[in-house]
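Each chain gets a letter, A, B, C and D, in the order it is written, and its residues are counted from 1.
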Amino acid sequence: MAQLNMVQAINQALAQEMARDDRVVLLGEDVGRDGGVFRVTEGLQERFGPERVIDTPLSESAIMGCAVGMAAYGLRPVPEIQFMGFAYSAFEQLFAHAARLRSRSRGRFSCPLVVRTPYGGGIKAPELHEESTEALFCQAPGLKVVIPSGPYHAKGLLLASLRDPDPVLFLEPTRLYRMVKEEVPEGDYLVELGRARVARPGGAVTVIAWGSMLERVLKSVEGFDAEVIDLLTVNPIDFETVLNSVKKTGRVVVVHEAVKTCGLGAEIAATIAEEGILHLRGPILRVTAPDVPVPLAKLMDQYLPSSRQIQAALEEVLKY
Amino acid sequence: MAQLNMVQAINQALAQEMARDDRVVLLGEDVGRDGGVFRVTEGLQERFGPERVIDTPLSESAIMGCAVGMAAYGLRPVPEIQFMGFAYSAFEQLFAHAARLRSRSRGRFSCPLVVRTPYGGGIKAPELHEESTEALFCQAPGLKVVIPSGPYHAKGLLLASLRDPDPVLFLEPTRLYRMVKEEVPEGDYLVELGRARVARPGGAVTVIAWGSMLERVLKSVEGFDAEVIDLLTVNPIDFETVLNSVKKTGRVVVVHEAVKTCGLGAEIAATIAEEGILHLRGPILRVTAPDVPVPLAKLMDQYLPSSRQIQAALEEVLKY
Amino acid sequence: MPRETIATFEIRRLSVLNEEGKADESLMPPLSDDEIWRMYQAMVLTRTYDERAVALQREGRIGTYPPVMGQEAAQVGTALAMSPSDWLFPSFREMGVHLTLGYPIHQLLQYWTGDERAQKVPPGFNFFPFCVAVSSQIPQAVGAAMAVRYRKDPVAVLTFFGDGATSKGDFHEAMNMAGVFRLPIVFICQNNQWAISVPLKGQTASASLAQKAVAYGFDGVQVDGNDVFAVYSAASEALEKARSGGGPTFIECLTYRMADHTTADDAGRYRSPEDVASWRAKDPVLRLERFLESRGRWTAGKGSEVKTWATGMIDEAVQQMEAIPPPGAAELFDGTLDTLTVRQESERKGR
Amino acid sequence: MPRETIATFEIRRLSVLNEEGKADESLMPPLSDDEIWRMYQAMVLTRTYDERAVALQREGRIGTYPPVMGQEAAQVGTALAMSPSDWLFPSFREMGVHLTLGYPIHQLLQYWTGDERAQKVPPGFNFFPFCVAVSSQIPQAVGAAMAVRYRKDPVAVLTFFGDGATSKGDFHEAMNMAGVFRLPIVFICQNNQWAISVPLKGQTASASLAQKAVAYGFDGVQVDGNDVFAVYSAASEALEKARSGGGPTFIECLTYRMADHTTADDAGRYRSPEDVASWRAKDPVLRLERFLESRGRWTAGKGSEVKTWATGMIDEAVQQMEAIPPPGAAELFDGTLDTLTVRQESERKGR
């Protein structure tokens, strides 16, 4: 087994699945000749050719719309949106078409595509390069949303996404791209979609996170008897795992990069308040970014949830 | 005072504000000569001319983007998106630009516009004509979202929106357009944005709704000691009013047209679970549409929350 | 080097059959008498279907319906140029294509009753369901054409849309993409000169829609959209070109929306009776009848035989449509995902 | 009536100053020697600023930066054609416009350090902040032009974007809208032939970008974007036309991105040194120096005087920029809304 960072793990998953399944086709801005602005698709065009790793014009909506048509025709397209903030101009095609094609064709057509896009804050990039609006897409029935928290899960989740019969939005936390290396099996393995994992067992409080916040949470909970859950798939959420932990701890803190209002923490807290309230000892706290637009680099540290804020929330819920 | 339906009340508010403030300009598809597909802007082009009531090409993103530029230049544009489902192709301009212009120009520019769009289900229209995805837009800091529940509030809320210094998404429940008439003062009056109202006082359970679900909730709670809150503004939500009611009742049911997952009920339940949990006797229940795409006419009744479902939820929470 | 000219473009218009039903023999496509008669039958069937659908809506037996009256030639002419392996990405106002190619008529009507299930296109038809979000089907069609190119299949992709659709970003991004990759696709714009209440000059300042193809580096041509022969030859040529690697074509069918935008619309609010009347003389069905008559192949008697045949087809379809039991709540969930989520499963049980 | 031609279009290219620095006197815009000298100063200032910005990024003193090298003529030529009441909707690669019009240099640099506050455009400049979402500023510019038309102000609106932006839906919808309402706006496309790694032919199949205006019914012209005189006269003409009710104009400035896309990019991965070298000979600054020299107005000495002046300006700006204290957490909230929400207020206190 090799030590890979997330960029390498994703690249390997794409290369292996393309070798295995000729229906898999990549398209997007700068994904070919340039190998992607983060080098995630490096070497794939040389290996698989320009008709399978397609450098497109600067047209997010058409990239997404084309992927829908390709999927319906029988391919397994992997459109890349260069940064999540630019998915907004492809919103209609993803939210109203990709997610609904199976339903609006009553199963005559399906839409097995995987939208890959760099996601989240902390890389000192310009405006709209550090968005984390996953909750927008979790409101689309028919669309799965997956967010890996490290290289090992990135590869296994991406392979599972590429074999899923329905559309998947695969969000790649840019802050993690090269931050950590992990043992990543050379071979083929799947990490099941729709399953969360207990990243750290504990008894006194359940902390729920995903993507790049997981790493921050794991650092922050040291010295606390905290059980940390890594959602991995944020739509649909594995509430079975979440509620089992809450039964045990009775205390919950949700941590995410997105703004608080209508961030994904809302759905998590609401479902716990609906199905697990009798196990709760106190309030469900959300540690999130404030309700402001994503700032530029200099204010990013004040924007993203900090260890101090996470620990303050832990201390608060532990009072109950 | 005249008895007006919501179409008439909105038309009157637009006409009166246009007469009062020459910065107010309407633009959209079929808003002029045709008076809007629901006749909401009827007579306004004749009265104010084609440069103030502008029939645009079929271009939702440009309609929204133009409104941003008009607002920055000093006008108060009122773009109409013919149906909420077509706002998806204008998502970037609304979510990433209108909502952020004040912030990204650090106050040099503001964006006082009011996006009007017909919203919600129950009118037997084709696909994408009955969307209720308000929660998508409530995740945009800088954007207010307003949903009237009847003619009186529609006029007062729209006048307040037209005078607000920041962008407002004004969602008009199509099912209510001509359903009820109310006394609507001829003159100028404002219904404050960001304030919910107690539509029906009660002591045993708090039921939270807005838009066309309010009418259904009010019918359904008869015989229950239920306090019904009409949010009116769904972003920002008036949690003071909500929490005061929860303090009293200790029981909560939220009702909305949208799908359950990441619908606005999630934010409401989460905030109550965060700030009001000690007053709760039992679970916070959400009565919503199921997690499926909005269906066509024949299945709409099975899709929208029914009185039966609302009453079942009331009986359930009253067990605690 | 002063103001040098770096490029010149010519936009051309094809017209074969004039309003009097006279055909320009030099441009007449190679069609047998039987094929022309089938064109006629398809156009009458479309007209008959359309009249009935409007009546059914008035009687409350179906929901809001968008009439195709006046646009039969653009639809029938294109349909007959298609081959069974071609793919179609329609908007919602080209049911004449479906009718010409033998699509189940009751299912067309069922869709307008607001029944999900009618969106399931039967096997054998490479058609996407109707698309209401104007222009959003166009990039999807381009994507199918990219898949065709990748698979090297002998297939052409065809997409229909209206004049209003040309103002949308998706039209532009898709046309541009098709040009860059020289894809096997034909863009058919039914320019019926109205987008609900917005007339063509309120939609764009360009003199023709055909010239919009100049922006994408491939051919755009305008045809008389009420001339079934012109439409047929332009479509045949473009489809053949697409299948043989010649790249995309944009065809503007200049026609007119004779009826209201939909049964929920009142065109009287925004256009004059004169405007409409002037187009009645250009009726595509009438024109073809005159042509056939001049060839001694049409008489009032033969005409009413065809009408009777068409009426019978529609009568039967209406019966079939009305015999369909309403959908159950389970239909809300089926087909949402290959495997329902835990939440969907419980919601499904709850109904 | 056979295949009749319904329209013809000619796309023209304007070029005044050739690579050797020779001007076509018949096309030379009316500029005094002093004005031409100011052009030269502005171009040197832009080049000097750009070199320094790249160096500052390498030293980690600012963040990722998009160089303008090679595109100075397109920016300076346009800026000098503007009047103070005109409005500008920039992308992010036309800082030469800002520099030419006296925009605070330290504030340009401050923006690239990732400081929100630099987005507050100072009074007196009707400029929008930089816009990173490619093409999204274009409909906003069109909206401002609609407001100008409504207010009947003697103002022109100007928007800048690149070749890649022409593939976006917003470019199309905005251009079309501008055509329909004949708005007072000038669209300046800096066609530097690259969109990160995608060359022009991968962006569109159209032979020129100027011809895209054909789709919208107004004039599109291509100018030699490295020829400051050609840019200046095309821009002056278009702005004057806009202010006098003549409607929109699309100007394609054909130029070349001499540097990497940004300091985070490595153009060596996707284009050849030869390709770049061939454009060095076309350098817009060099070209103007040759012109001035041929008029006896430029010497190596005069040139280095200007460079020294420019370097001084930039030195001072860098000092000012680095003297700015970092923003506080409160800056996250200020300017989000006119009145913060209850939740925002409490979040603000918590920091």
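Observations on the structure shown:
As a working rule, contacts are C-beta pairs under 8 Å (C-beta built on N, C-alpha and C of every residue); 3 or more make two chains touch, one makes a residue touch a chain.
Because the structure is predicted, anything quoted here is derived from the model rather than measured.
Using the contact threshold fixed earlier, the set of chains in contact with both subunit B and subunit C is A, D.
Take subunit C out of the picture and the remaining chains remain, by touching, one piece.
Relative to subunit A, the chain whose mean Cα position lies farthest away is C. Averaged C-alpha coordinates put the centre of subunit C at 43 Å from the centre of subunit D. Separating the centre of subunit A from that of subunit B, both taken as means of CA atoms, is a distance of 30 Å. Distance between subunit A and subunit C, defined via averaged C-alpha coordinates, is recorded as 40 Å. Looking at subunit D, one finds that residues 116, 133, 136, 167-170, 173, 176, 180, 202-204, 336, 341, 343-344 touch two or more other chains.
For subunit A, the set of residues touching two or more other chains reads 56-57, 59, 61, 85, 88-89, 92, 96, 103-104, 127-128, 141-142, 236, 261, 291-293. Taken as a graph of touching chains, this assembly is fully connected, with contact between every pair of chains. By the touch criterion stated above, subunit C contacts subunit D in their complex at residues 1-15, 18, 24, 26-27, 167-173, 176, 179-180, 182, 201-208, 210-212, 214-218, 222. For subunit C in complex with subunit A, the touching residues are 87, 89, 116-117, 119-121, 128-129, 133, 136, 138-151, 169-170, 173-174, 176-177, 180-181, 334-338, 341-344.
The touching residues of subunit A, when paired with subunit C in their complex, are 25, 27, 51-52, 54, 56-57, 59, 61-62, 64-75, 77, 89, 92-93, 96-97, 102-110, 141-142, 164-166, 194, 236, 239-240. Here subunit A touches subunit D in the complex through residues 29-30, 32-35, 37, 55-61, 85-86, 88-89, 124-129, 260-261, 290-293, 295-300, 302-303, going by the rule given at the top.
If you check the complex, the residues on subunit B that touch subunit A are 61, 85, 88-89, 91-92, 95-96, 99-100, 103-104, 127-128, 133, 135-136, 138-139, 141-142, 235-236, 258-259, 261-275, 277-278, 280, 282-286, 291-293.
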